[in-house]
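Below, chain A partners chain B and then partners chain C, in two separate complexes.
Now for the complex of A and B:
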């Protein structure tokens, strides 16, 4: 039951952080000035910019009042409009793009965790063996290779033909991205998209070919992201395993007569995974915050893709809202990580 | 069946260590941690190993369990007989060591043999020998509850016995009960009677009923009434589980134990050069493994994926046994302790839990590696009492390792004094305290603060000058000679042999005997 209070207390900490975040984004709004801010609210309907702003409750000579009306806008979802990559209300754009990122992030996390835990256990149980060295090279390369480079290499290797480069044509990508921005993917589907996650929507509509296509489109981005995450957590699991296996309690377990395999799986690994949870949480929050380059290269319509367009065209409301959303994602993943950690490690006092 | 007389056979040795040699290969050189150490522990005896820090006490203890961390350490040579079986039989084959220079050593490990060695050791550790460690806080897994850790130790060994006693409980009938009640009532002495009751309750997997039964036998003499009471109480404990499934589990573990035994025999046969027997045994093991695979395929799949259901009766038994063990080591609120994590308990309580864990399989030998060093004095006394009690009640041999001479005087029957990886003196505890021979031992004795010497003029505490030698490059000859008051020329040239100079009293010093220890010429220095 104590855990419940811990969660509540931990969640309350979010409130002041959130306040800070809104103040920071408001400073951004203030810096952009009236013209750009008004652009999000169909200013052409009004006589001048000041009238358009006044209609939304913004008054650039009164910072405090404007801050509060800005808060009202933020929390009611009245986020103005953007014209690129689609011309729509910012809220609608987020609704369309964000689920795609969630799908990508979850898929990449699951795949990398499924691979990293057994692999890290194997490597960590044999420090300095050839397998360990191979793992080290793999991790290092995962850190060192930029994701966009890897993305292009994967497209060239497995996607459709690019110029004269030979191709395998396994996955539906050409060298310039698979989808045309001018006819966005979400308008062309003959199925309704209640969740905006194509995999699920296709299943709901019972459209297997569409599901298959969505799945194939997902594989290369997920592979690219997985490589990076895997590299990160593999090193942590390995370090945790080596660290834990030098502890006294491992000797105790062996002295009890626990077989070697069980010592590794039950006693060492359980302790080794604790620090990994923290790292994984950070990685997941960065994924959810839109992996800009990967989404851009694959023309994957996620929130990172949206962020690139809003920033490029200086669409103030898009920038403000996305900054706000990234902040919230980071806070929530941190909360979840803390709770999971408290759940896993009984030594955490809550 | 209900005899409590323990006959101590003086000759039977529970542990025998012969010519143990342990080396640590570090980047600074080879640490000669243990050199030609030999000693033995008899049944029911408690043997103390004393020495300064860094003299090799703990290394000896870990070597006996074959738990020396590798790398950097390795047992190079020696025999360690636990209950007659030499656990280092295939030591030579486990790894090939090639020394280019003291800092450059190539160790080639044979994976397959090490795997078999580990398999056999995990059958021996915890079952025949168990160990209590120095730092209770560090020696418990921080993310598992105490109950889970003790239960794990219980369930690792003697599954067949557990299954048998559960079956016994489930099939207990009036006839059997009346027979048992008769034998118990025939025992006139209350204390022995209670002991028998406790033991029988353990045998029938109803340890929680020991208390009501002892009360029952104390308060009533009416045979029929007692029988009825016992029957009804036992019936409340019957769970009506599926005995066929339990039989299957039992057969499975029976087969596993058989394979382990055969492996032990195989190692013995291989070592004695009896190739025909070895081949036969190997074939037998292969056959048993294949029958195990075919006969218990479904069972092992179920065990892997539905362990909770398959192991439920065992788990329940283990829970009862854990509670019993924790009560035995005088822990307050054993139910609460079972669900606690190590960080929630004090050092003394954790050390008790460690001892409970060590006794989960009723081992014949307990190795206590400075079990009281991290504890305060009152807790120390309690822990020592506990270990003494166990030593007496279960006739368990104890190898007690400490630097505290007071603890030695309290606990041990025989004492070995270790210096720089060598045993320098070995004698019964009284001899050591009143008739110490070796200059190092006398130095240790003089370093004990004594109340009666407080007012003497020479009230200063005597100490041995110098410090423990660096074992990478130990002194030649007798390793103690640079610090010795009676140093002779021979001391730095030759190594004295451990010789029996009085009955049961062995000393390695040229003051008492001229015998020189012959160093066998070996590749490893």
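Now for the complex of A and C:
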């Protein structure tokens, strides 16, 4: 099968899941009941809740009709308003908070991949050595550690103003609060403009101290996120390395006198990294989960932060939309991962 | 053919009776015991469960009467005004209760952690138990029936897997309000798909085995096949999954409390809530001379939780290795 057709077929598989996701979030909406749903649509302007809902095309005695109006709202971005953590339209809140999460997620992914590949190669080439045992313990702790607790451990160790050891208090941890928010690039919600990605915005504005500060603010959140993801990737690369090193072609390479370094790099690692691509989808899932707690602890203005605060105040439009968005991100990542894998390994396409 | 039959009789007539199930079991146990990490994990897990049970049955053993976990209730009844002046640090001589110091309102940390186990472990076991039971029943049935039932189940579970679990848990728990039970209901709703997928794949590989076909040929009905022949054979991987899941569910449960989704009162004995209480001391800390960081209400409950999750993971990994005959030496 050509790659083109594989991509089309794989993309079509998303449709039922997407439909299912809209149904799931609609069931949530139905369970919240009319009062909470109307709260997102300036219901005080109307005589009663039913009138406020009717103006949006919702009628809680007609599930089918309401489902279709809900779909219309969902896909046109008419997501009502929220009050916490900022008072704005849900669409606006997502727009300005989302890029920050992308920045955090990409930074964490890059750091963990940069660390995981050489480390995984090293460990995987020496199964059952002390390094391997250490790696195993590290992987296990990555699964078992409560991410929010790790974040606080890092804050206590390295956080500015908190450090137990005087010379270790290096990194600020209190989110955008301690940034120079009087800088003109910040909007009313303390989020930078125009791209809403602080590092890029600071560079565009040419504000180097702000860039440095933003970079320092990223270090602890990224370290916390990386720890969890790294454990997963490392475990997988190690297994792939051990698997690949038992293959016949590795023995052949060694028998014909290829240097050991080349065997590990070109024969074993290349084959070990291939299946690792498939876990990336899984990692994005854990990354998105991790983003929620990390952003909450570090007061980092991203959609995870938004999700926690909207949930605490039961602002249903925030919750529904963010559930939907997190779902879509995960679906698209899985699609991309599958396509990359099919591109790298032609056997998958058949 | 004839020789084979004679061989079997010789085994039966031997001094040792041939009991395959018992032998399999003892081999599994032997393999598990030889794995030191797994045994340590099992022992620590057992200790945690013992603490939880003792604290439920006889709360006075650990020096705290039950039912006084509300924020100011305990504070006003048990702490004299002198004691509220400071939070006791660990290891100071204030008796066994304050062995690990105090947390917010100088509530004793050690009994609070012990008391939290009965909620954390109790609800985790409930959630995983119900999830495993419901999920594997659905999964085995779908896998065995195949066709539309299978397709439908796969599409439904796809939807559940398309959203990160923490987000789903947050979204569902807000339906039920903001208390501990709302988190439990939410996790009950979202935790079956893992087991449905797992047992479906196991059922698919089991149903085409010869003995199931033989049972069908002997007149066994579909329902009997599912529950009598297929289900018992998917049990051991499910038990492994249960033990590994206990570790993740307790983490998600604690995370929900920590994030304030369950909105628990101060010093409520739940590990996530205790950690959340402890973070107040850290984030509001100002390093002036003479002030010391009150780190223990944050670090100790988290470490207590970490020890449990590590142990149960070691235990689960050990069980998986022991139950898989291919890995046995």
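Observations on the model:
Rule of thumb we're sticking to: the second predicted complex is superposed on the first by the 317 of 350 C-alpha atoms of A that agree within 3 Å, B and C clash if a C-alpha of one lies under 4 Å from a C-alpha of the other, contacts with A are read in each partner's own complex, and residues count from 1 in each chain.
What we mean here is this: a contact is a pair of C-beta atoms (placed from the backbone, for glycine too) under 8 Å apart; a residue touches a chain by one contact, two chains touch by 3 or more.
From a predicted model like this one, the values you see are computed outputs, not experimental measurements.
After alignment on the shared chain A, the placement of chain B and chain C results in a side-by-side fit free of clashes.
Legend: residue contacts after superposition of the two complexes on their common chain; A:144 is shown touching chain C, with no touch to chain B. Of the two partner chains, neither chain B nor chain C is touched by A:206.
In the overlay built on the shared chain, the residue A:247 is in contact with chain B alone; chain C does not reach it. Of the two partner chains, chain C is the only one that A:319 touches; chain B does not reach it. Judged by the touch definition given at the top, the superposed model places A:307 against chain C, while chain B stays out of reach.
Here chain B and chain C are compared by how many residues of chain A each touches, and C touches more.
When the two complexes are laid on top of each other via chain A, the two nearest Cα atoms from chain B and chain C are 8 angstrom apart. In the superposition on chain A, no chain A position is in contact with chain B in one complex as well as with chain C in the other. On chain A, the positions that touch chain C within their shared complex are 16-17, 20-21, 23-25, 28, 31-32, 140-141, 143-149, 152-153, 155-156, 161-164, 169, 174, 285-286, 288-289, 292-293, 296-297, 307-308, 311-312, 314, 316, 319-320, 322-323, 326-327, 330-331.
Chain C makes touch with chain A in their complex at residues 155-156, 158-160, 162-168, 170-175, 178, 247-248, 251, 254-255, 258-261, 263, 272, 275, 278-279, 282-283, 285-287, 293, 295, 298-299, 302, 305-306, 309-310, 313-314. Looking at the complex, you find that chain A touches chain B at residues 246-249, 251-260, 267, 270-271, 274, 344-347. Note for the complex: chain B touches chain A at residues 62, 65, 67, 69, 115, 118-119, 121-127, 130-131, 133, 135, 138-144, 152-153, 156-157, 341, 343, 354, 357, 361.
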